[in-house]
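Two complexes come next, and they have one chain in common, chain A, joined by chain B in the first and chain C in the second.
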Partner chain A sequence: MPAISSRRFFYVQVVVVTLAAGLMLVPLLWVLILSLKDSAALMSDTASAFSPPYTLENYANIIGGQQVSTWLLNSTIVSLAMTAGVLLLSSLAGYGFSRLEFPGRDALFVIVLLGLAIPEQAVIIGRHQLFSAISMHNSYTALVVPGLSMPFGVFLMTQYFRAIPLEIDEAARLDGASRFRIFWRILLPLTIPAQATLGIFTFFQAWNDYWWPLVSATNHDMLTLTVGIASTQVNFAQAEGLGFLMAQAVFAGAPMLLIYVIFQKYIVRAVAGAAGK
Partner chain B sequence: MAGVEMACVSKRFGDVLVIDKVSLEVQAGEFIVFLGPSGCGKSTLLRMIAGLETVDDGTIHIGEQRVDTLPPGKRDVAMVFQHYALYPHMTIKENLAFGLKNRRVPASEISARVEAAASSLEIGDFLERRPGQLSGGQRQRAAIARAIVKQPSLFLFDEPLSNLDAALRARTRIELAQLHQQLGTTMIFVTHDQVEAMTLADRIVVLHDHRIEQIGTPMEIYRRPATKFVASFVGTPKINIVELTAAKNGAMTTAALPDGTALETCIPWNASFAETGTTLGLRPEAIRVVAQGEGTAAGRAKVVERLGERTLIYAELSDGTMLTTEDRGDSQVRPDDMIGLSIDSSNAVIFTNEGRAHHGTQVSN
Partner chain C sequence: MLFVMPYLCLFILMLIVPLAMGIRLSFTRGDLFGIKEFVGLENYARLLADPVFLRTVWNTVYFVILTVPSLTIAGLLLALALNRETRWAAIMRGIFFASFVLSVTVVTLIWRLVLIPNGGLAGVIAKAFGAEPISFLGDQNWAMLSIAMTTIWWGIGLPMVLFLAALQQVPRDLYEAAALDNASRSRMLFAITLPAISRTIALVLVIEIILQFQLFGQPQLMTSGGPNNSTRPIVLFIYESGWSQWQLGYASAAAQILFALIAMVAMVQYRISSRKESR
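Our next item is the complex of A and B:
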């Protein structure tokens, strides 16, 4: 009897999860379908989305348009640079906080953690003024540098380094390895799962970031994809160019989808809060 | 192969003194075991020799070279850790070669040394595996092989057998003894397991309360403990320590047990024996079980432990004093039986109230 009831419970779970997943897929499918329709046809009758003809014209227009490819390139550069920078700085900081002894270390770590509690909104005016004062707006540096200070990354890497037994470092010291060689050849490779988690999160965050690029990049050639696509929305009712807009949304989201498929294991682990295990 | 000399070495962690002016000389080729309870400072002392802990006071020489100011990698020592400390992301081969690469040993020699060490420790089949793919015993062998390939002048072992099961521990112990005979290199081994200490050591250094309590061969430590602590720490089952009324008997001492049994000893009389707190130490094997009415004393068997080759009987004297005694493996004694006890006092030890041991003039080993 218990076996039957547990199997029944399993089927109920599958049905519920499938329904929930389907529900979440509906808006995505809606966007995808609209992106495959001619904008003019949608303007006359939105219900025409459910019937052929379907077209890839909107996508052809995106690829053909210079602006979108520029924004795509900007987003890629900014996201990759920010990811690389965050991984480098967080790893070094994590190593420092977990392995080095220096005056004020613990106080400094607390200050870094306090950064987790400060929302971007609280500092964005000051940040804008700072970059304005040094004439750095409308540059990759301006888009990348603020994102490099990621308290979450420092925290994650510190915890991960702390979980590596000190005996490993000691064995390497006895093996005659320098401090840098221990970091580079022994400890850093052991943190790859955490690096993957942090890297994916950072890339997602950088790719999807909207507010700071909106403030900092006013030159159309320096827009990132998110801001660029938003800037093409000329009418709030979306009566015109709906298909093209949806194609842009799909185009902007596709890299994320690809990354998710490739790194699904790490993302699930990170979301489950098990990155340190 | 090199000796080790520690002169007045001290170490503090903050306000806590963990090594208190320890001096020790280890001969080249010797197998020395640091033995002591948890927290006595034995691992810290080993780590100071390795260079993993700084030395606050005193000096350490390995061979002719003063090493306490050198980094660990420059001391020509190899260490085997309690938890193996193999590099998890490297294969066993890479683990073994890592230290040699750091020393810029030619690749051909690295390969030859790795092969030789792997074959002597029978891990040749696992060289391409990662540590996580090996059992505990195989990992420990790999850790020992990593130490061997460096051909150091001194091996340090920090409780390397404590994570192994009993059977594997016994086997690895024998292999370590063979390894020492084969290499002839100086080895320092830290353990809290007295069986490991007794079976492996040329000399045992017993540590207690952050200082050396006694240095001696295993049998010296067992037969002629310098203090009450050493006597009670070494030996399984534990030595019997009972209150004593001492009396002068010519130049020697007669010891009366709490139940009135008088034992003539060959321990020279000392006036301090008359002070309260003086105790008598008797190893369980010195108290044999005999038939009721025979022997030196009488008691009642309270607990009988059959170990196979011998039987331990926990006997109660008439005044309630408990003594651990030994009988043959096929002992017929059962709990609550009245038994006779034949006490051989030739190896008895008298401890003053400060814990100092006094031994007989003739001791049979």
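Our next item is the complex of A and C:
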């Protein structure tokens, strides 16, 4: 008897979960079909989205237009620069905190860890004033540098370096390798899994960051894609037409979903690892 | 020391200095051009007497109550159902996590197009059944619920993934032993699974509370805090006092209050994770 009821229980689960997954997809599919419709047709009735004709015109307009491609480029530059910067700084600091002896090291590390608890809201006004004071808003520097101060990467890399046996360093030192060489050629390659986790996490964080770029980049040409999409939503239904707006949403969301599908395993691990800190 | 220096400089410049500036500003009447005069605790006193600010605190708490238990329970149920090595489970996990990678602006754009009464999907469906479309984002009774639903759709992947990671750590032989004893499924759930992942449940609760306390983009983009302030959270209040009204001192004081609230929750998280390491 238990075998049968257990099978039935399994099928109930499959049906319920599959239905829920379908509901998760409905909003995405709705936006996708809207994006394939002529904006004028949607103006009179959005229910027309369920019947042809469909068109790729909205996407052609996006790719042909300046605006969205500029934002896409900005987002790419900012996210890649922040990722590279975080990886470099965190690796250096992680090595320093785990391998080098210097006065106040442990106290400093604790202070950095406490920085994990500082929410963006508590520092954003001060940051904004700092960049105003040196007239640096509307620059890539302003968009990238604040993100480099996040303590999470240092924490992660320090933990990772600590897990590497000291014997490896000692063997290399006996061979006459310099400290920097040990770090760069021997230890760093061993941390690649952690670099992947941290890199993916930082890239997504940078790409989806909203509040800081919203207040720092006010010049239309310096917007990131995330903020740019927000700026076109302001006067929404009338502005450029629903179809075009929806195509923008698809255009902005698709790269992230694509990266997600390709790197799913690493992304899930990165997120689970970051949250479990 | 040389290795740590570059990061420490940024840490001080971009985290500690702005934090100190924010705290200092909160005791002054600061505006666009910087600090005007020192006013002591006046900003804090004004905040605690400001009905709009108090409303935002309540709205934020209400939002946390709406989202955190649902996210935690739904995430746990999904993880329990999908913790198996079948093709189907892998696809389902992929779907439930996918929306989490989208930015807040894309998520709100999608959901506005579902929720607007005039031509939104909800409206189209309502019309098809001959019902009057509801203005979800324009109705005080619905607006916060709609934002909560959008947020759950956006964030359900995170608790699911955290619970899945925890479930994989539960020793399999516990279940085998229980199966030999003919233990029922619900008994295994309550006697083995839930106790084994109790620390993760607590951790997910704390992480979600901190995350949802920082609600900002969804109401800013979907309702602008309206109708009638019913969806204005603390962070939107900080943003508007800071960047639309340029009352930087006032905004900073509100930010420090939020920081204190979050720090209290973070302390709980710290206690939970340090207990893990001592075990």
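Here, the second predicted complex is superposed on the first by the 244 of 277 C-alpha atoms of A that agree within 3 Å, B and C clash if a C-alpha of one lies under 4 Å from a C-alpha of the other, contacts with A are read in each partner's own complex, and residues count from 1 in each chain.
Going forward, a contact is a pair of C-beta atoms (placed from the backbone, for glycine too) under 8 Å apart; a residue touches a chain by one contact, two chains touch by 3 or more.
Please read all numbers here as calculations on a predicted model, not as lab measurements.
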Chain B versus chain C as contact partner of A:Gly176, first or second or both or neither: first
Partner chain(s) touched by A:Asp221 [first = chain B, second = chain C, both, neither]: neither
A:Trp207 touches, of chain B and chain C: first, second, both or neither? second
Which superposed partner A:Glu167 touches (first chain B, second chain C, both, neither): first
Partner chain in contact with A:Ala252 - chain B first, chain C second, else both or neither: second
Dominant contact partner of chain A by residue count, chain C or chain B: C
Shared contact residues on chain A - chain B and chain C: none
Chain A-touching residues of chain C, taken from the complex the two chains share: 1-4, 6-8, 10-11, 13-22, 25, 34, 78, 81-82, 88, 92, 94-106, 108-114, 116, 118-121, 123-124, 127-128, 153, 156-158, 161-162, 165, 182, 185, 203, 207, 210, 214, 216-217, 221, 235, 238-239, 242-243, 248, 251-252, 255-256, 258-259, 262-263, 266, 270, 273
Touch list for chain B against partner chain A, complex: 50-52, 71-74, 77-79, 81-83, 85-89, 98-99, 102-103, 146, 150
Partner chain C, residues of chain A touching it in the complex: 2, 6, 9, 13-14, 16-18, 20-21, 24-28, 30-31, 34, 42, 45-47, 89-90, 92-93, 95-97, 100, 102, 105, 108, 112, 115-130, 145-146, 148-149, 151, 154, 183, 204, 207-208, 210-211, 215, 225-227, 229-230, 233, 236-237, 242, 245-246, 248-249, 252-253, 256-257, 259-261, 264, 267-268, 271-272, 275-277
Chain B-touching residues of chain A, taken from the complex the two chains share: 165, 167-168, 170-177, 181, 185-186, 189-190
